[in-house]
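All remarks here apply to the structure that follows.
Chain nomenclature is as follows: A, B and C, assigned in order of appearance, with residue numbering initiated at 1 for each chain independently.
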């Protein structure tokens, strides 16, 4: 357990290292999530429009 | 090859095929990179464990710059050759570049505090990256500032080209300004030379970030094409609805 | 050549007729400089240290404020369409307009700067470098500003947008302009800075009108 703890403390720099990784994760993950959500929405939207008045 | 890919339908087909493996590769490489960065790479003899920030910071810096090149080149292609996908590529890349640049700025600040004792330093690199962030914001703002989307796209293309000329000028002038003010430490990224044991995790993370950029670029471009198609269909839809009977008016046998 | 002079003169006349416009930019310039000592404290050493920078920043902000004068009115009343259709190349028209803009914005700033230099306790040599730097750099401000003004025609909130766009373009001018005075004080020689300022203005002279004219054509389409 102490091995994990000392690793997590990052030689005393934990307060800098972990926020850096978290920020990278949040910002990049965030834009990935936003891009993906909007993508899925565009597919749904397009399917809806293409289905509707196509019956002729 | 450019004209081959110019066809939006063909782009959708090809990118649709590429996307799943590209996404998987992104996740795999990033996972490997993070493992190497956090567990395998040794601490620096000077900076200790804080050097691990380098593995999320440096790739972000490179991708922030690379994305701007993509925006600029795509904008140039859009203005000169009127390639239909060029504007879409530029507008898709810009928010990604802004995100990478933001990560670069924040992680750089967190790295700088233990390394140089200050949250921010006005050296050429950091200042130029800050300006780059504003160039991205300006581009995105300009593109979205017009009701006519085509006008926004064309104006953005001009701005992107102006910006790519401006960026080296800014870097040069801030460099100059720093030498005038005799900026004390030498802010060299990662120390004099990078030990191979740290180089590999760095390169893997760079690759991971690059794959992430490529994946998200395709996703955003596909989104833009879908949305454009939906808009076009909506404009035509009222005319269709006038011709076709409304869906609920099917005759019911009584 | 006469066509350009005609356009230049017309722009000057318009600016003088609405004399308030020139006065407004100048008034803002003075006010911005005055605000700093009030915010920072009246100690002469501090003011002398940051004075040139303050005056240059204020000059930049005044330039940014005045940008909508370049094209907006002509865009609204159709004068820009006429210019585009005329035999004069649009790039040339842009240069003529920028020249008039400089004469009514940059030049007054240059002339006002010695007095403002006194307000922040700059010595004579520094004031000379300040004024000379402004003289060499303000043409670049007008030319680069024309790009931003042209790009934002017809946009929502054009004022804020052109500020966001133009300030990165202005950064090198600010750095070398304030740096010239600083170099003079420190004793390193201001000549490289002034030469770089001149280079920026000269470089902007052929390039900025090309970008601005391209943007104008997009606006008129």
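The rule we apply is simple: a contact is a pair of C-beta atoms (placed from the backbone, for glycine too) under 8 Å apart; a residue touches a chain by one contact, two chains touch by 3 or more.
All of these numbers come straight from a predicted model, not from anything done at the bench.
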Practice problem: Farthest from subunit A by Cα centre, which chain is it? Let me know. | Solution: C
Quiz item: Most central chain by CA mean?
Solution: B
Self-check item: Whole-Å gap separating subunit A and subunit C, where each centre is the average of the chain's CA atoms
Solution: 43
Quiz item: So, what's the distance in Å between the C-alpha centres of subunit B and subunit A?
Solution: 15
Practice problem: List the centre-to-centre spacing of subunit B and subunit C in whole Å, with centres computed as mean CA coordinates. | Solution: 32
Self-check item: Residues of subunit C touching subunit B in the complex
Solution: 147, 151-152, 154-158, 161, 164-165, 167-169, 171-172, 175-176, 179, 182-183, 186, 188, 196, 207, 211, 214-215, 218-219, 221
Self-check item: Residue ranges of subunit B touching subunit C (in the complex, touch as defined)
Solution: 79, 131, 134-135, 137-138, 141-142, 145-147, 151, 154-155, 158-159, 161-163, 165-166, 169-170, 172-174, 176-177, 180
Self-check item: Of all residues in subunit B, those that touch subunit A in their complex
Solution: 38-39, 43, 48-50, 52-53, 56-57, 60, 95-96, 99-100, 102-103, 106-107, 110-111, 113-114, 212, 216, 219-220, 222-223, 226-227, 229-230, 233-234, 237, 240-241, 243-244, 247
Quiz item: Where on subunit A does subunit B make contact in their complex?
Solution: 7, 10-13, 16-17, 19-21, 23-24, 27-28, 30-32, 35-36, 38-39, 42-43, 45-46, 49-50, 52-53, 55-56
